[in-house]
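Each chain carries a letter (A, B, C, D and E) given by its place in the written order, and its residues are counted from 1.
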Amino acid sequence: MTKEKHPIVADREPRHRLWLGLVLTLGTAVALGAAYLAAPRENAPLPSAATYALVTALPDWKLLEPVNEVVYGSRGFDTFGETFLLLAAVVSIVVLTRPREPRRGYFGEHTAGEREQQEVDPDERVDEEERATRAADTREQGKISSGPEDPDSAPLGAHGPERAESLTVVTRTAIRVAAPILAVTGCYLVAWGYSPGGGFPGGAVLLGVLLLAYAGFGRRRIARVARPGLLETAEMAGALLIIGTELLGLVLVGSFSGNWLPLAEPGTIRSGGIVQLFSVGELIEVGTGLSIAVLGVLSISRDWAPDEEGQESDEDDGQSPDEGGGER
Amino acid sequence: MTEFWIIDYLVLALILGSAVLVIRIPNLPGATMALSAVGTFLSLLFVILGAPDDAHSEVVVGAIALPVLYLAAIAKVRADVLDEGELREEGEQDDEGEASDRR
Amino acid sequence: MSTVIVVVVAVLALVGLVFSVSGAVGILRMPDVYCRIQCSSKTITMGALPALVALVVGEGFESAYAARALIVAALLLTVNPAASHALARAAYRAGVPMWDGAVRDDVKAMKAAEAEDADHRHGDRPEDRREGEHDD
Amino acid sequence: MINIDQLYFAVAIAEACVALLLLPRIARGPSVSDRIVALNTASTQAALAVLFYAAGADRAIYLDVAIWLVSFSYLGAIVWARFLERGLI
Amino acid sequence: MIVANYLASAALFCLGLFALLTRRNMIKMVMGLSLMEGSTYLLFVSLAYRKASTAPVLVGPPHGRTPTQLAHGDVADPVLQNFCLTAIVIGVAVTGVFLAVVRIAQHYRTLDSDEVREMRG
């Protein structure tokens, strides 16, 4: 790659940092290599937890898939904790990416409080530059009404960004054909719990379908489905379903995440008992959680507030005023 | 059994090559693409090592979810923080002159 | 019977591989994006289809392998052209240059004729241009 | 006589080699679009390798991964195209 | 030899670490973290592999074997695959959290980690 055209990455990279990084990395490599050479090889017998899971999957749980049995059955408590780790990550993304104004949707909420701001605080004028950048941002976010719905009528080969919301008719048709197939197959991955699959891959597939719809049709079309009121409620409902499933085991059977549902024959949809129920809860949790995470990052608004010299150092718990601010 | 090891090492080479590309490619969308390649080849390796569940997850995550996250972050950053030299590729930069000629 | 099947599978897979390798070499060697996109869409599909047919022949038409191979073939034939179209269009709009030796750019010729026709549209052109620079 | 499973493995190895052939284009490709094209082709080859590996290993359960690889790599290309075209995803 | 997979996993980890230590672009650093996540997936799945094993899925067993035989036979370790499965999903969400560096970049008007540190004094 041409170095002179990428000033931030390549040009100002100091040499000593490279050597120091190399030395530290090599040290880690030696340590890791020594550790991994002592790891069990492919000839070692399976650990007893694995053999237990394999042997009990079919007779005890009527499940043909030991991985699902491990995930939702015998190590269900582990997955329970992982689920809430996921939930914590999603909550922190929501907190970190939140806009200043009260949130209504994932897209365009940065302009939601503008009118109220004008009424409440008319003195706070925005200068010309900020207005221009805000206008550019609004145009970029697709909030203007002058843009066409789709780019099909636009002359071919016009340079510059598209004003349209969605992609061309060819792409939209392909997505219309492919997305339902993929969504149905994602649900099949969960329901067909005795082949590879379950809540985690199914949820990831649902996220993929949502992103496809977003890329193909534009944010206005999916804003009805992908809004915080719906997604976050669904996520909490999934979490409640998981907690309820596990606690009912404690009440009815006497052990947390014990099976309290009748087991059907292997190879049918009810074969796993609570494993399938947990899997459905996990599908909701993973699908909505990852969607909230991705849409949250997508909906980060621009920070157009003008720079004020030394502002950061004042807020910065009384450390010495910096000279670096002048460089900007 | 030798076929298994051949294909295993081949895919390992693919993964490591893509991982080196992630570090070597200076512009961020290109590096994101190399990261997506790492995910794709990892899922191929998961199938070879007999873990179809992990492969299912890794395909979707590596091919769509992670690239979209990175692309969104890059897009959020670049309009007001970065100069365009960081994110443009040389071909597009050359085109600037050409495009204005076309007008 | 089995030998015949093996031979047929080998021949079909070899045909597919030849096309795949030629497509890969084309992607490596072609001079610009648009040529590479057409390598990827046509040649790679042509490389994939005989290989899938080989799988169908080798495993029997009613096996799970054949069903999945046919699904993969259908998906390739559906989604690959759409993705190629989207990519080529996006590349053109983003202003990726054509090869110097390219002899024909219909869109550019059309736009030149349009610009001669309609002078009044010159008003909003510069604004478009500025946006293009701002937004990549 | 050659075993048909070995033939399948050989084809899978060859497809992976084709993917290896495409890495230089991902590394070099002067524009983002070149990299996308090379990446898509590589993942198609990976899907074919999965199909043939599944046939060679005699497990039909690996096959679904190939479907996901094909569909999501190409549909991922649409997302990339949107990024290229709009600037903002 | 499966040791090659372990060493490749270590190499992947070190590549990620190298990117994290030497790059100043913060999004590149997050990419280094993603590489390190990938190395853990690779390590888990390689540790789960056993010699001449297939997937620990009892449906559709290979020729001439029943599901029960498969459960006692040569299959990979399902517990480690379970760890890998959850790690993949958590990894995406955690990458989303890491990408909140966009907020830092917007605040300080730079993606360069050194400049950010200088500004904090």
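Here is the rule we go by: contacts are C-beta pairs under 8 Å (C-beta built on N, C-alpha and C of every residue); 3 or more make two chains touch, one makes a residue touch a chain.
Quick caveat: nothing in here was measured; it's all calculated off a predicted structure.
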| task | Return the chains common to the contact lists of subunit A and subunit D. | result | B, C, E
| query | Which pairing of chains accounts for the highest number of C-beta contacts? | reply | A-E
| Using mean CA coordinates as chain centres, what's the subunit B-subunit E distance in Å? | 15
| note | For the pair subunit C and subunit D, the C-alpha centroid-to-centroid distance in angstrom is 14
| How far is the middle of subunit C from the middle of subunit E, if each middle is the mean of its Cα atoms, in Å? | 31
| note | Two or more other chains are touched by the subunit D residues 31-32, 36, 54, 60-62, 64, 67-68, 71-72, 75, 78-82, 85-89
| Multi-chain contact sites of subunit C, meaning residues that touch two or more partners | 33, 64, 75, 79, 82-83, 86, 89, 93-96, 108, 111, 129, 132, 134-136
| request: Return the residues of subunit E touching two or more other chains; collapse runs of consecutive numbers into ranges. | output: 1, 11, 18, 23, 25, 28, 49, 54-57, 59-60, 75, 81, 85, 88-89, 92, 96, 99, 102, 106, 109-111
| task | Spell out the residues on subunit E that touch subunit B in their complex, using ranges where they run on. | result | 1, 4-5, 8, 11-12, 15-16, 18-19, 23, 25, 27-28, 30-32, 34-35, 38, 41-42, 45-46, 48-49, 52-57, 75-76, 81, 84-85, 88-89, 91-92, 95-96, 99, 101-102, 105-106, 109-111
| field | subunit B to subunit E touching residues, read off their complex | value | 1, 5, 8-9, 12, 15-16, 19-20, 22-23, 28, 31-32, 35, 38-39, 42, 45-46, 49-54, 57-58, 61, 65-66, 69-70, 72-74, 76-77, 80-82
| task | Quick one: which bits of subunit B touch subunit A in the complex? Just the residue numbers, please. | result | 24-27, 52-53, 55-57, 60-61, 63-65, 68-69, 72-73, 76, 79-80, 82-83, 85-86, 88, 90, 93, 99, 102
| Considering the complex alone, what residue numbers of subunit A touch subunit D? | 140-141, 161-162, 167, 171, 174-175, 178, 181-182, 185, 189, 195-197, 205, 208, 211-212, 215-216, 298
| said: Under the definition above, what is the set of subunit D residues touching subunit C in their complex? | reply: 1-2, 4, 7-8, 11, 14-15, 18, 21-22, 24-25, 31-34, 36-38, 40-41, 44-45, 47-48, 51-52, 54-55, 60, 63-64, 66-67, 70-71, 74-75, 77-78, 80-82, 84-88
